[in-house]
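Quick heads-up: structures coming right below.
Same chain, two partners: subunit A is paired with subunit B first, then with subunit C.
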Partner chain A sequence: MKRILGAALGILTAIGGFVDIGDLVTNAVVGSRFGLSLVWVVLLGVVGICLFANMSGRVAAVSGRATFEVIRERLGPRAAGANLVASFAINLLTLTAEVGGIALALHLVSSVEPRLWIPVAALAVWLVLWRTKFQIMENVAGLLGLLLIGFAVALFLLGPDWGELVRQVTQPSVPQSESPAVYWFYAIALFGAAMTPYEVFFFSSGAVEEGWKAKDLAQNRVNVLVGFPLGGLLSVAIAATAAVVLLPAGIEVSSLSQIVLPVAAAGGTLLLAAVIIGIFAATFGAALETSLSSGYTLAQFFGWSWGKFRRPARAARFHLTLIVSLVVAVAVLMTSVDPIAVTEMSVVFSAVALPLTYVPILVVANDPEYMGRHVNGRVMNALGGVYLVVIVVAALAAIPLMIATGAGS
Partner chain B sequence: MTRAGRSTRIVDARLHLLSRQVLDDHGEPVAVVDDLELVAPDASQSPAPGSPARIGAVLCGPSLVTRLFGGRPPASRRARIEWDDVERLGTTLELRVRADSLDVGWAERWVRDRMIGRIPGGQHDPEASS
Partner chain C sequence: MHLVMSQAAERGARVIAGAALALAGLVAVPSCTVPSRQEPGQATAAVRDAVAQATSAVETTRLTLRLFDDDRIPSTVADTALLDQLRVLDEASTALTTLVPPDDASAAHRAASADAVDGAVTSVVDARAWVAREAGGNLSADGGVPTSYDELASDLTDVADGLGQAYAEAGGQ
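What follows is the complex of A and B.
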């Protein structure tokens, strides 16, 4: 019984933890402009994150080595150092977006200016990082994040033309009002949102935090292969509500209140409240994960003691990194930069950084010195190879498309 | 590069030693192998190119800068872990001593004693039940 409960909990937190501010904003923007014609990208991203989360989790469980230790060891100090600078900067950008997301969610329920909420949100994130047990932190954020199912409920209440929605999914085409370049730009943004590199840093380091061994691999596989696709369905539901309500009305998403507008229209105050709590939990959980990831990457590159499972004093530089990252995120947000704009930036640059994380993982997952008999099988490597091509193409195309389309405007 | 009484294994320093994680005897991360200090087998001699050499110490910290940008740090600035303190070499380098007893741990101790340890709750064990 305890095992079944544990398994259910793992799957549920994987679903609730899948969506972050990047998924939320990008899916709503895409839904409001392209309908459901980009759902295939979410599918591609979900399969990709399943593949690489599974692989990095397996490397961490079998070898006990987290992703950035592997990157440092494989690439050497120079290439890994360049990788660290890029990964750390993009992770910081994502963290900034998540903290901004928490503040926006609090702003929606309180109508207190977001900039007053930003320091409060960051302080709350730090207190959880400082005090709470790793597993409790993961489970609470993941379970509350499940309230985002409110988007799916709203979709049913809206009673859309299902045949039309299915047609948009199965026969994707660029809407007449949009140019193909913009369509592909948003395809890459959506891919970056689904596969953000921090998830791999966090997933592999989390496996070390929770002390996974090779025998936990089956459970890990189930969590990933069931939880992430269902989390992906939440992403699609967000895009679908935007496609049903915002697209016909010609509303382009530029704020969180527009993202939840379809929910309010369909389900009233109660459903709106549930969804806002869901958004709060999802962004809060992702803020915890990204701030931890900033500590993980830096500490693992330099070989510092790290981990939330240690007393803070036993991982002093790691905890100092968490504090400094949160302070930087707050400082950036206090310039009254728009968190939604920061989010859109962060998902595009995530797509640019994907190969930096995924290539070393793929290499080490094939190294018998680390993996013993748990090295990648043929199917895994074939899929990994295909995704490698997709990831590299997306990374190379991201910046030129961003310039050519003026970031999708 | 193996210790007496163990089976001999050929190790490529660049592939199997450099940039590996160093753990202390409790499995706590200490540093990364940033560079190696090579000495002559006989302590009285100075090492010369072409002659046999053994590893005297693992270098950490400041040696990363010279690995990145070239050059050689002065001997007085080297952060060393004596090779005699090494217990085992696998995918990590395991030491037979505690991190706190090593000179290379000073930065971690400085941050602990001056900053993180002073914040209330800094000694709290997050895995404790309460």
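What follows is the complex of A and C.
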């Protein structure tokens, strides 16, 4: 019974923790401009994140060490250094976006300027990181993030033309008002949002924090293979509500306040309140995860003592990295940069960094010295190979498309 | 031991410097992505983009006011949504005022569009004042605040029509 409850909790937190500010904004923007014609990218991204999170969790559970430590040992400091630079930079950008997202959610319920909320949000994130146990932190944020199901509820309450939505999904096409270059730019952004690198590093480090062993592999697989796809459905629901309400009205999403309007139109203030709490929890949870990921990546590369399972005094440089990362995020946001613009940049650059993040995981998951009998099978490697091609193409095309389309404008 | 530590520290410093450079690059590259539209066709396209942005802001304002009038959103959410639209309109206005039209036709499109966007700004400002009044603010018709939702809705319809016309004149469909 305890195992079933544990598995259920793992799945629920995986669903609630799947969506972050990048998913929220990108899906809403795409829904309001392209309808559901880019849902195939969400599907592609979800399969990809399931594949690599599963590999990464397996590496951690079998070796008892986080992926980054193994990568450094297996590939040497140079290749691992490239991985570190890419992952750390993207992680910092994502953390900045998440802290901005918390401030925007608070702005929405208070009308108080986001810049006043930014230091408060960062301080709250740090306090939770400092004081709260890993499992409590992960479970509370993940469970409250489940309130984003409000988007799916709103979609049903709106009573859309389901046939039309299915047609958009099954026969994707570029709307007349948009160019193919912009369509592909957003396809890459959506792919980057679904496969954000921090998710994999957090997943594997979290497995070490929670003391996973090889016997926990089945639960790892269930969490990933059930939780992430259901989280992906939440992403589709966000895009669908925008497609049903905002697209016909000619509204292009450029702010968080627009994303929640379809929810209010469908369910009124109660559903709106639930979704805003969900947004707060999702961005707060992701801020916790990205802060920790900053510490994980750096500490695991340099061989520092790390982890929330250690007292802060026993992992001083790890905790200092968390603090410095949060200070940098606040400093960037206090320059008045638009958090939504930071979010859009973070998902595109996530796509650029994907090969540097995911190729080493594929290499390590194939090494019998570390993985023993849990080394990748043929199917995993075939899928990994296909994704390698997709990831490289997306990474190469991201910046040229961003320049050609004026960042999708 | 000391040598090993200092080599490790040097490597670490190099990696961190690389990360800082990469981050600076991430911030700098997007600023290079703003297209310069100097040819007549490009100038008209830039005008259309700005008008489309303004139209989106006006439609968001209409939806927000309708939801607020129906008690489906609280005043804080309505106020935030309207404030966000003022920022969008500010961007649209900046795009138009900083555009150097290459010929008379695009100059005319720009002028008509700028007027329409100015009208949109006024309407959204009025809408925000009305929301503040409905939320208990000490504002009245004497201060130029619209007295009813219907008045605002009618005003916004006119503004949307004006923007639609400007968009069509700039070659939009």
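Keep this in mind: the second predicted complex is superposed on the first by the 407 of 409 C-alpha atoms of A that agree within 3 Å, B and C clash if a C-alpha of one lies under 4 Å from a C-alpha of the other, contacts with A are read in each partner's own complex, and residues count from 1 in each chain.
In this section, a residue touches a chain if its C-beta (ideal position, glycine included) is under 8 Å from a C-beta of that chain, and two chains touch if they have at least 3 such contacts.
A quick note: this is a predicted structure, and the numbers were derived from the prediction, not measured.
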_I'd like to know which partner A:V324 touches here: subunit B for first, subunit C for second, both or neither._
neither
*Touching A:P77 in the superposition: subunit B (first), subunit C (second), both, neither?*
both
*Would you check which partner chain A:L43 touches, where first means subunit B only, second means subunit C only, and both and neither mean what they say?*
neither
*Please indicate which partner A:V226 is in contact with in the superposed arrangement: first for subunit B, second for subunit C, both, or neither.*
neither
*Partner chain(s) touched by A:F302 [first = subunit B, second = subunit C, both, neither]*: both
_Contacts of A:I277 with subunit B and subunit C, given as first, second, both or neither_ = neither
*Touched partner set for A:V153, first subunit B, second subunit C, both or neither*: neither
*Given the touch rule stated above, what does A:F88 touch, subunit B (first), subunit C (second), both, or neither?*
second
*Indicate the residue numbers of subunit A shared between its subunit B interface and its subunit C interface, in ascending order.*
77, 81, 301-302
*In the complex formed with subunit C, which residues of subunit A make contact?*
77, 81, 84-86, 88-89, 92-93, 107-111, 245, 249-252, 254-255, 257-258, 260-261, 264-265, 268-269, 272, 301-302, 332, 341, 345, 349, 399, 402-403, 406-407, 409
*subunit B contact footprint on subunit A (complex, rising order)*: 63-65, 69, 72-73, 76-78, 80-81, 130-134, 299-306, 308-314, 316-317, 319-320, 369-370
*subunit C - residues contacting subunit A, complex*: 8, 11-12, 15, 18-19, 22-23, 26-27, 29-30, 32-35, 49, 52-53, 55-56, 59-60, 62-64, 67, 71-77, 79-81, 83-84, 87-88
_Touching residues (chain side subunit B, partner subunit A) in the complex_ = 18-22, 28-32, 34, 60, 64, 67-68, 91-92, 99, 107-109, 111-112, 115-117, 119, 121-127
